[in-house]
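Below: the structure, in structure tokens.
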Amino acid sequence: MTAAVLYAPHDLRIEQRPIPTPSQGEVLVRILSVGVCGSDVHYYEHGRIGDFVVRAPLVLGHESSGQIVEVGKGVSPGRVGERVAIEPGEPCGRCDQCRSGRYNLCPNIRFHGTPPVDGTLSEFVIVKSDLAYAVPKEISDNAAALLEPLSVGIWANRKAGTQIGSSVLIAGAGPVGLVTAKVARAVGATRITVTDVNRNRLTAALASGATEIAVAGTDEVAGEFDAFIDCSGSSRAVDAGVRSVRQVRSSSSGWARMS
Amino acid sequence: MTAAVLYAPHDLRIEQRPIPTPSQGEVLVRILSVGVCGSDVHYYEHGRIGDFVVRAPLVLGHESSGQIVEVGKGVSPGRVGERVAIEPGEPCGRCDQCRSGRYNLCPNIRFHGTPPVDGTLSEFVIVKSDLAYAVPKEISDNAAALLEPLSVGIWANRKAGTQIGSSVLIAGAGPVGLVTAKVARAVGATRITVTDVNRNRLTAALASGATEIAVAGTDEVAGEFDAFIDCSGSSRAVDAGVRSVRQVRSSSSGWARMS
Amino acid sequence: MTAAVLYAPHDLRIEQRPIPTPSQGEVLVRILSVGVCGSDVHYYEHGRIGDFVVRAPLVLGHESSGQIVEVGKGVSPGRVGERVAIEPGEPCGRCDQCRSGRYNLCPNIRFHGTPPVDGTLSEFVIVKSDLAYAVPKEISDNAAALLEPLSVGIWANRKAGTQIGSSVLIAGAGPVGLVTAKVARAVGATRITVTDVNRNRLTAALASGATEIAVAGTDEVAGEFDAFIDCSGSSRAVDAGVRSVRQVRSSSSGWARMS
Amino acid sequence: MTAAVLYAPHDLRIEQRPIPTPSQGEVLVRILSVGVCGSDVHYYEHGRIGDFVVRAPLVLGHESSGQIVEVGKGVSPGRVGERVAIEPGEPCGRCDQCRSGRYNLCPNIRFHGTPPVDGTLSEFVIVKSDLAYAVPKEISDNAAALLEPLSVGIWANRKAGTQIGSSVLIAGAGPVGLVTAKVARAVGATRITVTDVNRNRLTAALASGATEIAVAGTDEVAGEFDAFIDCSGSSRAVDAGVRSVRQVRSSSSGWARMS
């Protein structure tokens, strides 16, 4: 099978590799679509993201859909032929974070396209059966690949408590900012303000559910918000955002500020 | 009756005032004990705290216990003689914060000893009947007066989710830090680390429930905590504290950070 | 002004009454639309609902919209002319339930059209300013009157935790069942099963967001649900519904069942 | 090694079995203490609990402490000699319940002493390394074995939201009722009412944290409670208990009752 393998910054090679065989509880998926995430681009250009360094040839890609073509022991043969979206992180299932239902924070997680775990920019990949989710036919291959970033927007809004009538401030109108705005709209938020330094991105935000846009650092954003979600990575945006949220009681919050 | 009235910084006068009469739903309380809060001292020394400025003569004091000596219409005459702890803030009961159960954040709150609302450093005060809480005889007059700061410690730990086996980092070993440590201990926290720049205060913390103390800026605090509670007002302490808390999902948190 | 006054079961009289004057914090509203609730019908037919007995002539009606025509002291004169939806229950704002943010459970609540509090089936009514909510022009007078039952559906779904992808079982396809189904759909539930004994009502449910209907006591409802909401008042429906919900941890639930 | 093996009701045989060898991630524990649970007794007397039927010889016991004597691959050799409490249920770590942090509800859980999984009434047992928890020397072998039922009491109170000042009604004064009362006391509940039909058990409850006891079906229990916890299995107790809880909003509750 063909795979795109990163050897070093700007050194991406198309190689032939043997098709792997699924073990117990695994499925072999023929890849149909892979989104290119900002992190993929970052590894391609810099060979690392913080402490994650590409030290050995690495297949990138983690926003993926495909079709199950073979199943390992313990997996229903009826799944062969199923079109699936792939969850890219395999948690350990045993650590404190996993046991508490926060498997996204599992320190032992093996995440597609993050060194040293190969990603999905290849013709076939092996994944655990329970991380391959059947998708209905109304969802295209490309859309199925984008369920991973969409889930980030769902999760962010769930943590933020977005609901009918909420006002939400979203910093950053990149792809994650856009899916976050779309989800906020889908669950009933009525004020969705998106900020960015890039006017083109802000135009895209208006088409993705934003009810209001503002150029960061230039436009004034009036009023208080029920929630702030940072999709920018900018510490200035975080500072401004936190200050724009109205005081709330957060009974399960991890830290408390004495007023 | 006698009252201690602040006219300007360091200008506190003992005056005679008429004893007020309770209206509908109110009680007249003869004051038995009043704690002196850091905010009282601050008003005494500076005549203001931020936007709250002493523009007219003001009675300070808000940590108070007393005995009901007269009741207004609509209050059971049986309450006369009752020994009570006084909740110092009277919320409006109608704003969004009040209706959401966050009356501590009511923007219309009238708070004892905060301009322009007179406090309790006088022989008698009028309070709403439902803000005067009967105390059992096991609780002394002085202890009853301190139920107000104690409730800050209860609330902080409730927001922080402190429970059996929790590890809690508390910055600041002033009176609020101490009651916060005491409450953390009372609800079952097993690691209670208190930091301060003052070694005498840290010694007091050890006597108030702390299992571990650290001189801020000098001693290293190892490991991660389930919760951080700031009782110091120091932004450096807040920065360090936030970083010492382990990652948690906070479903009702007011803002979300994308990891 | 004209008012419809209930004297006894089936004895509803159209009377002339003086137009009242708003006091401090109140507004006078000219009524534009009033929905007829099942409880109104019940009072009309039986003169009582449980312990609530019509002992004196009573104006019914509590699902109401109108226009502010006069304001009392402390209310902005700018509100005159404003079209409003009226919240029918006036809580005390001081009891434990109110202070905890559950003012819907206030034992002292004064609720329109519930003895001995007159309702809104009259030309004018007085309400507290903060219980008259401005409505945008996109919402008709009739729709504004129905915001009250709609809010029941919003609240029920909020308590049930309905969110993107939820499966919800709703017992009862009366008006409250229908708004509950509509809201479940609006916030992203993907399986919304409505049960009723009446097939006509079930047909209405399909037009109101239900994805599936079932005749209660006849049709089998397969699978487990994330949430069950009872809008039927039938104890058999409640029994069946509770059993159809999958096991969940409910950290803030008021009672716990040992498994 | 010696093991106590149940063949049929009242047919318990002491047998010799080979000492097992720990695999990857497992530890071999020499058993020091095993509590006898009501479920163990039930299997002994009836050979089944509901759908769980003893079809093959079974070692009972699941409340256990011991000492690690050997470790498998991937486990630190430093654990040899460690005294541990054993968590009796091994969840799958992959199902929806596990991923949501409710591994106690895992349908694939393998639970000690529940058919067909052997328990701990033998000299040695193999357990996953992460289900063997080090205990400090202050906790005796017998106490360590009882951490399992104690955790039931902790969990029940956590679900019930028991906190400082809570009033809690506990039905049943068996061992689980007693640990539940103890925990309620430890986290600050001030009214802990325990009911049972057996007066001896109620006397034990008074020694275990109850502030009030009542003979079920005979004594009247006055007032409302913040929470009800059933440790009786009696449907009459559940009915009465649910009715004794005051109305609360439970935002994350799995089902909602329209008031």
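Letters A, B, C and D name the chains as they come in the text, with residue numbers starting at 1 for each one.
The criterion applied here is as follows: contacts are C-beta pairs under 8 Å (C-beta built on N, C-alpha and C of every residue); 3 or more make two chains touch, one makes a residue touch a chain.
Computed from a predicted model, the values in this text were never measured in an experiment.
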Work out which chains are contact partners of both chain C and chain D.
A, B
Chain whose average C-alpha position is farthest from chain D's own:
C
Could you grab the centroid distance between chain A and chain D? Build each centroid from C-alpha atoms only and quote it in angstrom.
38
Distance in whole angstrom between the CA centres of chain A and chain B is 43
If I count partner chains per residue in chain B, which residues reach a count of at least 2?
100-102, 158, 251-252
Contacts from chain B onto chain A in the complex sit at residues 97, 100-102, 104-105, 152, 156, 158-161, 176, 226-231, 233, 238, 241-242, 245-259
In the complex formed with chain C, which residues of chain A make contact?
154, 158, 163-164, 183, 186-188, 251-252
In their shared complex, at which residues does chain C touch chain B?
92-95, 98-103, 128, 130
